[in-house]
Amino acid sequence: MSSVIVPGTILSALVLLVIAAASYYYFEKLKDPTYQPKLRDIPAITAIKEGVGKSLEENKPVHYQMGASGGQLYSTLVSMTLVALTFLRYISRLCAEMGAKLIVHMPYQAESIPLIEGTTLEGYREAGKPEDFKRENLRYYGRGALTWTQGVTASFAQEGVGLNLAIGIFYSDCPISLEMAKYMNGLNVGGTGRWIMVYAFAMMCDYVFLGEEIYAAAAVVSQDRMMLVGMLIEEVGKFFVFLLLGLGLLLSLVGMDVVALFNM
Amino acid sequence: MSATWRTLVPTLIVSITALLVLAPFFINIPALNSVQSILNSWTVIISAVTGCALGLVYMTHAIYASYQRNKDMEQLVMGVTTYVFIALHLGLALTQSGGVNSPAYQWWYTVVYQNVGATVYAFMFFTLASSAYRTMILNSVEATSLAVGGLIYTLRQIPLFQTWFPWMVPLGEWILLVPNVGGSRGAVIAAALAATVYGVRTIWGKEISLREVS
Amino acid sequence: MSDRPAGEDENIIVKLGTLPPSKYFLVHLAGIILMFIPLIYPLGLPVQTSQVVIDYYNTIENLPEGSVVAVSFGASASLLDEQEAQFLATWKILFSNKLKVIFYSTTEDANIILERHLGTKVKPADYGYTYGVDYALLGYSPLGEAGQAAFVKNIRSVYPVDYYGTPLDNIPLMSNINTESGVDLIIFQYTSCTDVEWVIRQWVVPYNKPALITTLGCCGPMAAPYYPSQIRGFLSGSGAGTEIEVVSGFPGPGAAMSDSKSLGILPWLLSMLFANLAWFMRRK
Amino acid sequence: MADLLMGLVGTFFIVATLSVLWKDNIVFRFGQAAVMGAATAHYMIMSATSIQSMVLSQMQILPILGLILGLLMYTRLFKGIAWVSKYPSSVLVGVGIGVMLAGTIKGQILQQIGMTVGDLQTALYTTGDGMAILNSILIFIGVVTSLVYFLFTVEHKGTVGHIAKVGRVFLMISLGANFAGELVWYQTQMIGRLMFIIQELLVPLGLA
């Protein structure tokens, strides 16, 4: 038995089990059509609509970027790519409904292009205007964060910025595009789950999603109950973490090797 | 039928693939390890195949549309420049002995790509500086925390201030190793939980971001 | 935010603290000039060293002569300015301590940089090193975290031959080494901040292998939570590069940058001071 | 001569990139177009090289299946069959989800908790140093309060609001430290470019 189970994975399996059990509980609860999960307010969400309106008033395009390297589909950051796609669907639907021009700056991972195009088109379809979708507004700048940064900056400078919505996986290249959007008097709204880069959003955005808030915001903008209960499942996970922290503290005070315990 | 092939099958592919890749983390069965390694190699191959030309197609669309919108000489020159540099690099890689390792290819790659790459990062010094000038104002508890953390750790890294204020070094290290660790650990745990929930939901086939992608 | 431009009737401090972007360009220009001057006329300002850098140095120094060190080299050409001092000083310390070194590159650029630098700036032959006996270059393989996991279990699965195409079995240094057990210290040199988790998950947690890391300045905060229990010491950014040059006594490019950094930051710091003063004055 | 040419062309691209600090201009646009071409070509070449070494040089069934999946990505370009590209995309996402779940739970949740309480334990029982104890208590408070900030089902009012506010302070200090790390790094990059201009252009021209 011990040779089949990989050592040091028991506690991980337990966490996964807790999340899976909470998921099952809430998915079952969703069968009741009157059940409506609620989340606290996230001010940046309302700013997105405001930004599209501003773009229309100023006759400037809405820009959407998910990061130069935001098309990671087979890495540990894939969940952020999925969040970015949820926002892409939302912003393309919103732009189609309100009649604003949307420019999508695609990440350099070419393998993510089909999903991006499909998601954008889906947004236009949901708004009932698939004919408004134009492939030329999906911009690709070649491999590497640097060409991407230059391409986005050039697009901002040449086409103007009404709203710049930046959600996804961002690395050290993002300050330039965020600052350039600001320089062009665009409304900056954005966030990333990569903590190391959140500072750039906190400093340069008019409205920011701090770290994990992008996941919650994605649930809200999707208007999908399944996504919203996802946040409730996550809260269960957080309370489990509080429990582990408390338990760990107690055990450490009585002298148990807690580091080894959490490597179990 | 159509919904099955367009929706159900891709959802199943995601779930099964994810479980096959995840399983060897918990269970030690050689066959599972082999399957995992095949799937891993497929991801590299798929991304390489798309990297060969798909991006170029989309780039061409945007360049052509841009020229159609604004048929002036400058647009034409810029469009042509991109293709000249594509042709130059492809030509060197195909004709020079050693391909991308040939001195001619390396020369161009270094001169164009490395220089611009390094300069773009250099450029960011100015963007961050102007942004901090606008936002690092001590007008609230949060903004003050950001500004104090930022300024102390900046000064800690600058030799002149290390000399003038030697206490800046231990203070900067303290900022890095205590409040920074406390805050960033909380943020990392929270984001990891969110990612885990996304993962579980995707395996369950309930993830909306992949649903009905046209 | 003090982004409302100063009016005609406002004082000079408010005006300097609320410069519009078009005028803030002058602060950038002053910064460039002040960075440029010390590169021509160095000032030679002293440098303070921190414990984390001293720990990094001591970890290598305390290894017995002949110990094997693996260097996972994931540098990027466009980020070399930030890390070159760290790389050069580290390699000099390794060679001067007569340690056996296995270099393996994990990014496309890394191998080009490694070969160029070992051929010009830190020549192993100057330390009496022989290729294949005292050090080896395994070449480039696109190792992600999964690749690192493969490396620790079976080096030959990811690097069957060295950079020059020689099978590892024919290289004296490598003939008896194929897993992490043959390595006494791992030095992980990388540019993507989250990669620190790779060395923790693949080398430290399962094998308790002593680990050091060198990375960009911005990645220091991400590496800090793992020091000192899991990472014995780390160098983040060119500042730490200068410090390791001082600690080790091997001067390099970090020293030249040090003065330039000190002067170049001053216009920005001054502008920050004015921005805050302007805000307080307006509030009054 | 080749070195001087490298200095000249390299400096041109450095200046072209930086020139947007002044405003958008034709030199900047030219530089951008050139780099886009260089980067696209390099990506295409490296991708083709990977296919050559992983598929074409072996011609085995499994890599060929991977190649076919990759080619299916191109169906995106054709209206009627665009949905077929979901198949290879699904393989990529599936692998990503598996890899993510495997790495995240242990490394980013459990070990982070372990280190938070472990540091406190070490400070209390091994080091015994007052400062170390205080620091590890501060880290513990930082972790708990910042996690409270990320609670979305509870309104940030009353006690929870106060705790979340403390958490936000910890988060902001952390963001400040991240900012500082990046700022000085970018400054180093700028100095590096100035050094390039001095060494590759001004020195060969006898100007420095």
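We call the chains A, B, C and D, going by the order they appear; numbering starts again at 1 in every chain.
Everything below uses one rule, namely that contacts are C-beta pairs under 8 Å (C-beta built on N, C-alpha and C of every residue); 3 or more make two chains touch, one makes a residue touch a chain.
As the structure is a prediction and not an experimental result, all values here were calculated from the model.
A.B. asks: Quickly list, by label, the chains bordering both subunit B and subunit D.
C.D. replies: Of all the chains present, those in contact with both subunit B and subunit D are A, C.
A.B. asks: Which one of the chains is farthest from subunit A, going by Cα centres?
C.D. replies: Farthest from subunit A by mean C-alpha position: C.
A.B. asks: Between chain pairs B-C and A-B, which one is joined by a greater number of C-beta pairs in contact?
C.D. replies: Spelling it out, more C-beta pairs touch across A-B than across the other pair.
A.B. asks: Grab the C-alpha centre of each chain and report whichever is closest to the global C-alpha centre.
C.D. replies: Answer by centroid distance: D.
A.B. asks: Hey, how far is the Cα centre of subunit B from the one of subunit C, in Å?
C.D. replies: Their C-alpha centroids are separated by 20 Å.
A.B. asks: Please report how many Å separate the Cα centroid of subunit A from that of subunit B, as a whole number.
C.D. replies: About 14 Å, centre to centre.
A.B. asks: Report the inter-centroid distance (CA atoms only) between subunit A and subunit C in whole Å.
C.D. replies: That gives a centre separation of 30 Å.
A.B. asks: Using mean CA coordinates as chain centres, what's the gap between subunit A and subunit D in Å?
C.D. replies: 15
A.B. asks: Of all residues in subunit A, which are in touch with two or more distinct other chains?
C.D. replies: Within subunit A, residues 8-9, 12, 15-16, 73-76, 79, 82, 108, 110-111, 113-115, 118, 141-144, 146, 150, 172, 175, 195-196, 198-200, 202-203, 210-212, 216, 234, 238, 241, 259, 263 contact more than one other chain.
A.B. asks: Hunt down the residues of subunit B that sit against at least two other chains at once, touch-wise.
C.D. replies: 25, 40, 43-44, 46-47, 50-51, 54-55, 59, 110, 113, 116-118, 120-121, 123-126, 128-130, 132, 135-136, 146, 150-151, 154, 157-158, 176-177, 180-181, 184-185, 187-191, 193, 195-196, 198-200, 202, 210, 213-214
A.B. asks: Which residues belonging to subunit D are in contact with no fewer than two other chains?
C.D. replies: In subunit D, 17, 20-21, 29, 31-32, 35-40, 42-43, 46, 73, 76, 82-83, 86, 88-89, 92-93, 95, 97, 99-101, 103-106, 108-109, 111-113, 115-116, 118, 140, 143-144, 147, 149-150, 171-172, 174-179, 181-182, 184-185, 187, 189-190, 192-193 touch at least two other chains.
A.B. asks: Where on subunit D does subunit A make contact in their complex?
C.D. replies: Against subunit A, the touching part of subunit D is residues 17, 20, 23-24, 28-29, 31-32, 35-40, 42-43, 46, 73, 76, 82-83, 85-86, 88-89, 92-93, 95-97, 99-101, 103-106, 109-111, 113-118, 120-121, 124-125, 140, 143-144, 147, 149-156, 171-172, 174-176, 178-179, 182, 185.
A.B. asks: Please output the residues of subunit A touching subunit C within their complex, sorted ascending.
C.D. replies: Touch residues, subunit A against subunit C: 8, 75-76, 146, 171-172, 183, 194-196, 259, 263.
A.B. asks: Quick check on the complex: what are the subunit D residues that touch subunit C?
C.D. replies: The contact residues of subunit D facing subunit C are 21-22, 46, 99, 103, 106-108, 111-112, 115, 118-119, 122, 174, 177-178, 181-182, 184-185, 187-195, 198, 208.
A.B. asks: Enumerate the contact residues on subunit A facing subunit B in the complex.
C.D. replies: Its residues touching subunit B are 3-6, 9, 12-13, 15-16, 19-20, 23, 27, 73-74, 76, 79-80, 82-83, 85-86, 89, 106, 108-111, 113-115, 118-119, 121-122, 125, 134-144, 146, 149-150, 172-173, 175-176, 178-180, 182, 193, 195, 198-200, 202-204, 210-212, 215-216, 218, 222, 224, 226-227, 230, 233-234, 237-238, 241.
A.B. asks: Within the complex, which stretch of subunit B touches subunit D?
C.D. replies: 5-6, 9-11, 13-22, 25, 36, 38-57, 59, 74, 77-79, 81-90, 93, 99-100, 107-113, 115-116, 118-126, 128-129, 132, 141-143, 145-154, 156-158, 174-193, 195-196, 198-200, 202-203, 210, 213-214
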